[in-house]
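Chain lettering (A, B, C, D and E) follows the sequence in which the chains are written, and residue indices restart at 1 in each chain.
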């Protein structure tokens, strides 16, 4: 019995945890933490179970909620693509949950001088669980409207989590709220336009209806597609709609950025892929509309803009935020290259980029946790003070640059091959330039971390000065998820062929092969 | 003249929805006062709701509730399926919009809470003044 | 398949053995003797593993070990063949010698962070062996990048301002060329050929446009900047800030040779020498490399800092090798590939000597070294032998391979290359002989050192003497390395 | 409970016009409390419109939420911040 | 900013205008939206769920999954606002802030509220319970219930009401509301059905599957009502007092 119910359990467990925390753990931080980690762990296990099921049978899982046949009821549809994303989201959430043990009690209640609200911690965990539920729900659902509702859940809870950064975070979050609402409403309106022409909300059903030639000609459907895509682009901070992201993520607390930064944008990319190929079709988008050239150029611009802006930042988190903007360009560009390699690269990059971003944010978070400083110079002497953290950071950086055998190399490989195949040299060049800029960015930081006591050196007399620096490593609860994430970067890289042939490659829509 | 009038009558709901939508969007982007932005957001959302509700309307139909009740299911349905379908407005958009309204009020609450906090931090809710204070 | 005379995973083990030594080195960081013991143990095991495969390879076999498949039609794969064996043998032999020398040098100068030094040293060697045994371009690229990164802490070992500048230059050149040129070239190659496995006949389909090939060739040549082809050479003198054993390792064993080896692999395994000569691509290689040979030799003449002079000499010699391989004639390839070994032994001797002089006297400049031969006779004798080998005079091993390359030039009918070889050898002589001459042939009054100056510590002197001896030995018995190189060419 | 659905389009048109006027007014008044109240009126008119379009459940909800609770929320906020807006 | 916004709005307006011509006529019973999925509900709702209000049956059963998340949106909003605005309880006790005394309580207002509030509550309960047959349901009823408390809080002041309606219990009760919904859905799993398949309850309730669906819907509507009521009040309390939980408006 449990086997058939696995898809719903993936989301039901975090959801249960969210109000279990409200009901039973309002007083105890530890109980709330334990509930959260337990729920995330279970959800991760279930997600892996679903993925195994799909890998074993090779069939798409349809789970009818309330036992109503689609398109009348809502169904969960899980194929190779979202099985992978489900594992990714629940896995990253699980790791971040462990990571939060020390950071949340240290940061969340004390954002203002003179204001201390310990009750915030359980609330924080509740919202954390809700956010993860929302993201998992978006990934699992097969209903266009349901996706909107879940999008709003994840958005609302992320507003709360981001706002808890305090101070400037409020205004940044407010802007995000306004922009995010515009995005969500565009999506809703787009779904409305589709509904008025098709009468259905179920994605597989919509796909069937939209194949009719009359609808392919209809301007309404085109506008619907445009609204939906624009809405999602706003949500994923695709250039030039990215303005809200750097501020919103920079001022957030450590755990929030670790959770939100890697997952929100990636889930939006997933949404884009899902809607493009499971509601509309490659044929409709690339052959009939034919906007791919423009979009890929836009993606190239996003990559360059993001990378160059990141180069100018002195705040570590803000720098990573701009890198996210660039990475979104990678994925959007990859999808819109309109060939299999590009799409494989983009899909695989969802996985690898989420883990890279997570890895870097975790390492940076640990540095902030120990030094209280988020500027580049917080990294000074970090190789000696926090050896494990710095190794994790270096692995994350190498993946970001795209050095084999980390996963970043392979996704870039596919993206560039896709660009070559599509003869889109601008995108290929943008990718390579961005790799180079990433190399500059990260080696600048590594250099700061590696050359420890520059200014003080004269005073302390020679090389032996920094031998005295003591090791002050982050607590175990932060190191463990960090190291696991870093290892996963290499594992994802080494198993890239298995991942691509087993999962990613199975999701390529027929029109692209 | 008459044709134009019928054309307008046939579609005017969509046009008024469009006007409201644009008013809301414009206010969300360009208004300086944060509360005004929030009002714009609510208008934007209700415009979309208006659009959906318009989809659900059928000429000559009635509200989507039949007279059958609990335990009366054995009372014979006097209408054929086709008559039923023609006789009731489309319930699905209504359901969707109930959800959308709820989402809207949730967003509204969060937005207003943030506005209050912003006021507490900066002492103002005018965007330009806030930006100036941030620069300092 | 017949039973192998070595463990199935021997190539992998040869790579991993020094990585495996890293935790041991780190853990025994407080006990220097134990730490150095691990370094040596790993070195000998590695050499043993490499040697265990040598016989099998000499018998004309190649051995492939596939690690994992990462992309369709593309796996991480290790192949042991003649070239790889040749290079692995050079690298693993010299590692032991360099380790020995490092101990003397590092302890003699009481350097800081020695544990880190030995750890990254081990990692760099793993990467080098990895490049040697790479079965395809992707694997080679992986280890190439690993090498760039793992040598960065070695180059910047002093962690001062100068080290920072040098290190920054080092990484900027190496990473920007490999990401900016080699990686895209690799991708295009993969898109064209559908594979990246080395094949002596080349992998490009016959219909590939010549212009594409030319562009790819140039991208590859400059992309592997470790080979120091001008204008991407200036990281090499910049990286001279490193401690001398590192310079020795960089210039003789690991880094630059990896660059040259990679280019050699690409020329022979990706383009294939048939294609190079039929499409006259070899002319391009020869012009690019020949220019570097001449210019760098001229620059070397003007350098007063001994290590910098050696560095420019290295730049020249590297292009010399590429020139040999680029001729795309059988003798040229054999000569070029075996010159990797010859030059390695010769040049490392020279660096060891420079380091020994620095340890013993603290002098860096050639103009300050008058009469040093009288105080440090063994060191300078070794220096002389090394110089002979690099110039290509008997009894240095370099002569053999230089002759082969010269005959290769005639085989390929590219006579201007012959001129380059000749001029370059003369220039080599011009910048090495004055050093040796001044070191020995001066009166007691002219000597700049008083009698107190004596030879450097034993561990600093022994290695150059050993390598010098090997250089001489190679003159008389060049067979081993040349045979390995010949294996690859005779198959054609 | 049959509803006479043949509505007068003139009446419909009037409400739409008023809705739009209210929307513009709510955004232009400089006093936030006035804005809030006008916005309440907007919601109420909107819910009339929806009733007319047979969406009674939606209208009911909007009456309770939009015209009722939302207005109170706006008022609650307006009283905690500066009441006058610049635009 | 104004110009940019105008450009964006007008572009969007233009594009949407283009599509308007293509939209089906307003109120056309033959439009695609009215013939595909929605007819199924109109035709089968009574048979399958025994609920004559199609909106309720679609809301709570056919698309019950959406509605569950709708409830969770409200719950989430409540927790969000609470987390953002609420200041510490402890601190408040430490410092007794001077505040202008309210100018006496308005007798007329209080008396009116005391009469109206219970009527509102009864009406709200009716709306919840009768949602199957008439407009209304858990959400609307919940909002009215919440408003009745808001009315009382307006007439007296927030602190007085919070003495009755403990702040802690507000949050806990809202959690319980969601838990009721979720629980009804989850128990279906143990009874052998899919998630939110209320017909699985028939064995427990001892009624037919169709009746069980109807009862299940009532159950979830109650859950919705509980959550909405408490969250609405909580939102009011937070927003009107700026998180201080003192006198409110």
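FYI, contacts are C-beta pairs under 8 Å (C-beta built on N, C-alpha and C of every residue); 3 or more make two chains touch, one makes a residue touch a chain.
Every value quoted in this text rests on a predicted model; they were computed, and no experiment measured them.
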Identify the chains in contact with chain A as well as chain C, in label order.
-> none
Per the touch definition, the chains contacting both chain C and chain D are none
Number of steps on the shortest touching-chain route linking chain A and chain D | 2
Taking the mean of all protein C-alpha atoms as the centre, the chain whose own C-alpha mean lies closest is A
So which chain is farthest from chain E, going by the mean of the CA atoms in each chain?
-> C
Looking at A-E and A-B, which pair shares more C-beta contacts?
-> A-E
Quick one: which chain's Cα centre is the longest way from chain A's?
-> C
Chain B to chain D: how many Å between their CA centres?
-> 11
How many angstrom between the C-alpha centroids of chain C and chain B?
-> 72
How many Å are there between the centre of chain B and the centre of chain E, using C-alpha atoms for each centre?
-> 16
Shared-interface residues of chain C (touching two or more other chains) are none
Interface hub residues of chain A, defined as touching at least two other chains | 145, 149, 152, 156, 159-160, 163, 170, 195-196, 201
Check: chain D positions touching at least 2 other chains come out as 56-57, 61, 65, 69, 73, 76-77, 80
Pairwise chain contacts under the document criterion = A-B, A-C, A-E, B-D, B-E, D-E
Touch list for chain A against partner chain E, complex | 1, 5, 8, 12, 15-16, 18-19, 22-23, 26, 63-68, 71-74, 114-120, 123-124, 126-127, 130, 133, 137, 143, 145-146, 149-150, 152-153, 156-157, 159-160, 163-164, 170, 193, 195-202, 209, 218-220, 222-223, 226
The chain C residues in contact with chain A across the complex are 68-72, 75-76, 111-113, 138, 141-142, 145-146, 149, 153, 156, 158-161, 163-164, 167-168, 171-172, 175-176, 179-180, 183-184, 187-188, 190-191
Can you check the complex and tell me which residues of chain B touch chain A?
-> 21, 25, 28, 34, 37, 41, 44-45, 48, 51-52, 55, 92-93, 96, 99-100, 103, 106-107, 110-111, 114-115, 117-118, 121-122, 130, 134
So in the complex, which bits of chain A are touching chain B?
-> 145, 148-149, 152, 156, 159-160, 163, 167-168, 170-171, 173-174, 177-178, 181-182, 185, 188-189, 192, 195-196, 201
Residue ranges of chain E in contact with chain D within the complex | 53, 55-56, 59, 135-137, 139-140, 143-144, 146-147, 150, 154, 232, 235-236, 239-242, 248-249
